[in-house]
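Look for chain A in each of the two complexes below; its partner is chain B in the first and chain C in the second.
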Partner chain A sequence: MGNKKSLGGIAGIFLEESQVLQAARKVRESGFIHFDAITPYPVHGMEEACGIKRSGLPYVTFIAGVVGMLAGLGLTYYTSVSDWPLNIGGKPLFSLPAFIPIIFELTILFAALCSVAALFVVCKMPKVDPPTIDKDLTSHKFAIFIPENDVGFSQDRVERLLKDLGANEVKKVAEY
Partner chain B sequence: MAAQNHSHELKLSPFEAPQRLKIASMAFMFIGFITFVLGFVKNPERLWTSYLTSYIFFVCLAVGAMFFIAFNYAAKAGWSVSIRRFAEAMTSFMPTMLIASFVLILGFKYLYSWADPAQAHALTGGKTLYLAQWFVVLRFVIFCLGCLWFRHLIVGNSLKQDKSGDHELTHKNLRNSIGFIAFFAIFFTMYSIDLLMSLLPTWYSTIFGLYVFSGAIQATMAVLAIMIVWLKNSSWIQGYVTEEHQHDVGKFLKGFTIFWAYIAFSQFMLIWYANIPEETEFYIMRSLNGWTTVSFALLIFRFIVPFLTLLPRAAKRNDSVLVGVSVLVLVMQYVDLYWLVYPNFYDGVPQFSFWEIGIFIGFAGLFLMGMIKFFTKNNMVAIKDPRMHEALKHHVTY
Partner chain C sequence: MSEMKRTPLVLGNKTLKEITDDICAPVETIPSKEWVALFLGAKTLFIFYILTIAVVVSTGMGLLGVNSPVAWGTMIITFVFWVGIGHAGTLISAILFLFRQKWRTSVARTAEAMTVFAVMTAGIFPLIHTGRPWLDFWLFPYPNQRGPLWVNFRSPLLWDVFAISTYATVSSVFWFIGMIPDLATLKDRAKNKIRYTIYGVLSMGWKGTAKNWSHYEMLYLILAGLSTPLVLSVHTIVSFDFAVSNLPGWHTTIFPPYFVAGAIFSGFAMVITLMSLVRIGFPKFKDYITIDHMEVMNKIIMMTGLMVGYAYGTEFLVAWYSGNDYERYVFFVSRAFGPYAWSYWTMIFCNVVAPQIFWFRKFRRSIPVMFVVSIFVNIGMWFERFVITVTSLHRDFLPSSWGQYAWSMYDTAILVGSFGMFFTIFLLYLRVFPAISIAEIKPVMNVGKDEGGH
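And now, the complex of A and B:
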């Protein structure tokens, strides 16, 4: 969940996938909104557990694809019909079957590049030297991070909640 | 929500076919039989073109389902295990297919100019040997028997596993599946060339086998999607087949929609561009008079409409949208085969009447009856497959 900027907060470290999945659901049910789950690999069902909405990327891809298609149509029309008309094999200047591969390729190119670009923008990548909570989170541990600006945040409450949910360790994070 | 799907209670009870379905399939077979006998006596030319179209339609579904099973075994896919039995049910048409194939041989002389000794000399070079009748029949029989044999191995092992739960059977099926895919690639190509392309024996298209294949798999996915929607919350199975499986089959359906268009366009564009008489005759026939409409209908209803409809995620998870698209795809698969067969016989005027409908309904009855018998005899889910836990936990992320 995209944090606006680095924030302090409290993180609970879990050792089991099932624990963190259940913890995420419980944290959401307790009313927190801006929390994040950090796992070393994609955990099935985590989106629902965290209440993450579906990303808007497919719309970017679709619109970019349509723009690419129109660009391909424009390019082929401009080059073959208006800028430099050539008679090839007696076929009409505007021969759609011959243009379709170019239109298709440009559709794919625009859609793919714009999706990657949009992904970078949405995820605020590249992040140089991002803050880490625990280095084991990239291999075998899981974490739930609740930032201090979240609705109803209080240090006692969050620490107790995470402990109750089975966190192996609860620690204060200066910035994440 | 998907996360809750995992905790669904699993229920599996023996299939009992609804009485109406049984009666319908009996009635369908009866109508088909009457049409066949009537056509055989009164209108053999029309009967055999109609027979060929419907016959290939259902063969495509049976071998397409076999291919679906094989590539899932070959890829060691886990998600599809709980819907594999549905595809296996579709292959139960294969014994019927063998008989129907022998019946088709009776019609060769009405359909193929190479089967008529008076016309066969018009063929030149290597084609004289390739289209010698004994050679065609030999390839034809190898294809049908081969499919039946691979079905016996692969589906047989899968059914055996329901009792024994032996993991070794899955490993055996991996090898069988790779064998089937190789066999299928070679012999289905020749099968489609022999039965469809040779209707116009002077015409060449090297991508033709792939064209028929792409349509066949698209249609197979449509049937699978319909079965999943119908059966996922039925009184016989609960929890094994979910919206997630439906979504993935929907993706396959969309993927093969694109693949079909890609292959169809590849075939068309190269022929259009090169403009060689022995290649263009195929498209000229199909762009005259009434056939223009059919050709454009293929482009619009077999590619553009299903593609755009299936694009949003929600469409693949919506029962009525997915079934609607699937039915459209199946109708267009028939139109596609019709478009391959009929212009060779009926210049400029598409013919469609009860000869086509009756024979199609007859085959549909046979196909349905095969599936009903298969489901009645066997479990509707491959319960002891070692990868079942993957299928039960299957979850499509956003």
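And now, the complex of A and C:
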């Protein structure tokens, strides 16, 4: 559906959390780099097992927060000081302490919404009807998916590896 | 040294599949008679509320009891009441998340939903209170053809516009993001095409790969971190609506922390009210929202109740210590012994006296007792806002301008009707979304069990 074509590959279905964690570690040690683990909930230690780097989302949050802060400052300054200065209760035109709530709220708003947008970008969402390997992967089963373009991919090798690691079921996936 | 044993967060030795089945059941089965009865009642009240609002908007604010000098009435009182209730959800879902309180998991989803719906209910009041709600877009600073005449950023009422709208946006987003993996679960379990399509669209193509989870958990942490100062800022700014004015009874520096403590207090009371009902309506949920969860929340109610009681006392001390005649008059004469003394003592009884029963473990763990106390606290916290708003206004500096609030039947209708709106949305939520986070409960299912743990 997206610009990038979905890839085929082979997936092993596991029934235990500990198995899939072990399998991810072993698959990575076998030299595969593009594989992914699919789990119904975040599994503790999976990032290390798959060699996933720390998420870069906080950088987006920080930059968006700074932009939001400057936007809040700019909005209050432009409207109250520059565009139409009004004397309200003898307060200074640039009443910074009174503007802080506005600046604060806009900082939070920008940071939160941009972080969510960034998640959608990095997870390639939203997508209607994404390919599914197994319907139970969002409930009680786990999977390791190795795409066909991965280093050293061969059907026999991958199938054997996943079987040896305790996969309950190994299946070919047309696109994922 | 003997190790303290943790109490299990999920009762019964459930498998992953059983957890999914249990939590999805209310969404996938025909609703019970009790749910239908509650929904019909709530929906009728909601329709009544819409009609009341239509009458008030078309006829005018004069139908309500607001007048001079009591220019703020039911609308503002009930607005603060509902916004306050909204605070417990974010406290549970964000602050307790940052403090790594694992028990929060079972109640976070529903408490967060309560927050979103309470803020929705609250948001209507100031919009109607403006008197001409069709001009409410004037509240936002947009380039216009009147100059452009901008909004007054020095006014606490405008800070409130920004605080409430930001809070409503961020807490809805936080709630929805938390639901995406569970919506994917519901999509994958769908037995028919319509259900598959609806939950497919809502889950936005969530796959649950390790890379996705890594980003997702980071986002959850970020949103929790952003929501924490946000939730504290919202009721602080609501309290500024009062505290920034010069009126004795409003003009106090204690207001921000006092309002935030009161908000958490009333919010937890509402969580207890709702959870007691959810436990009755969906008996399976008793394994997830256990009596231990309820007890912890009762402890928070007792603690925040004591904080609120302490704030009531501080107000008297500061009024006396200030040496200001008007301050002393408002607290020592008109509030505690004036024409609205009954509301003041109702508030004291409901908020300070009633929760003291939770000193006893037996009562902390009794559903009927906590349900009754939570209702008392809800009533008491509504009266707290009534006391703050009305008793400060009805006796101001000049005796010639003193007056009473002219409570009318429309005030009652608006107040009661708002519960219809809240409960209608809440009951629909229970049928449409998983009321407990499926993906979050699974990692903590072994806490407190012998075979589990790392």
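Methods note: the second predicted complex is superposed on the first by the 171 of 176 C-alpha atoms of A that agree within 3 Å, B and C clash if a C-alpha of one lies under 4 Å from a C-alpha of the other, contacts with A are read in each partner's own complex, and residues count from 1 in each chain.
Following the convention adopted for this analysis, contacts are C-beta pairs under 8 Å (C-beta built on N, C-alpha and C of every residue); 3 or more make two chains touch, one makes a residue touch a chain.
Remember, predicted model here, so these are calculated numbers, not experimental data.
After superposition onto chain A, partners chain B and chain C are found to clash with each other.
Legend: residue contacts after superposition of the two complexes on their common chain; A:119 is shown touching chain C, with no touch to chain B. Look at A:169: by the touch rule set out above, it reaches neither chain B nor chain C.
In the overlay built on the shared chain, the residue A:55 is in contact with chain B and with chain C. Judged by the touch definition given at the top, the superposed model places A:98 against both chain B and chain C. In the superposed model, more residues of chain A are touched by C than by the other of chain B and chain C. Once the two complexes are laid over each other on the shared chain, residue contacts for A:79 go to chain C alone; chain B is not touched. When the shared chain is aligned, chain C comes close enough to touch A:132, but chain B does not. Applying the stated contact rule after C-alpha superposition, one finds that A:42 touches each of chain B and chain C. Across the two superposed structures, the residue set of chain A contacted by chain B and also by chain C is 42, 44, 47, 54-55, 58, 89, 98, 101. Only residues 15-17, 20, 141, 147-154, 158-159, 162-163, 166, 169-170, 173-174, 177, 181, 184-185, 187-189, 200-201, 204-219, 222-223, 226-227, 229-230, 233, 237, 240, 438-440, 442-443, 454 of chain C touch chain A when the two sit together in their complex. Of all residues in chain A, those touching chain C in their complex are 24, 36-44, 46-47, 50, 52, 54-55, 57-58, 61, 75-76, 79-80, 83-84, 86, 88-89, 91, 95, 98-99, 101-102, 104-106, 108-109, 111-113, 115-116, 118-120, 122-130, 132, 135-140, 145. The touching residues of chain A, counted against chain B in their complex, run 21, 25, 42, 44-45, 47-49, 54-55, 58, 62, 89, 97-98, 100-101.
Interface of chain B with chain A (complex): residues 1-3, 6, 265, 268-269, 272-273, 275, 311, 313, 393, 395, 397-398.
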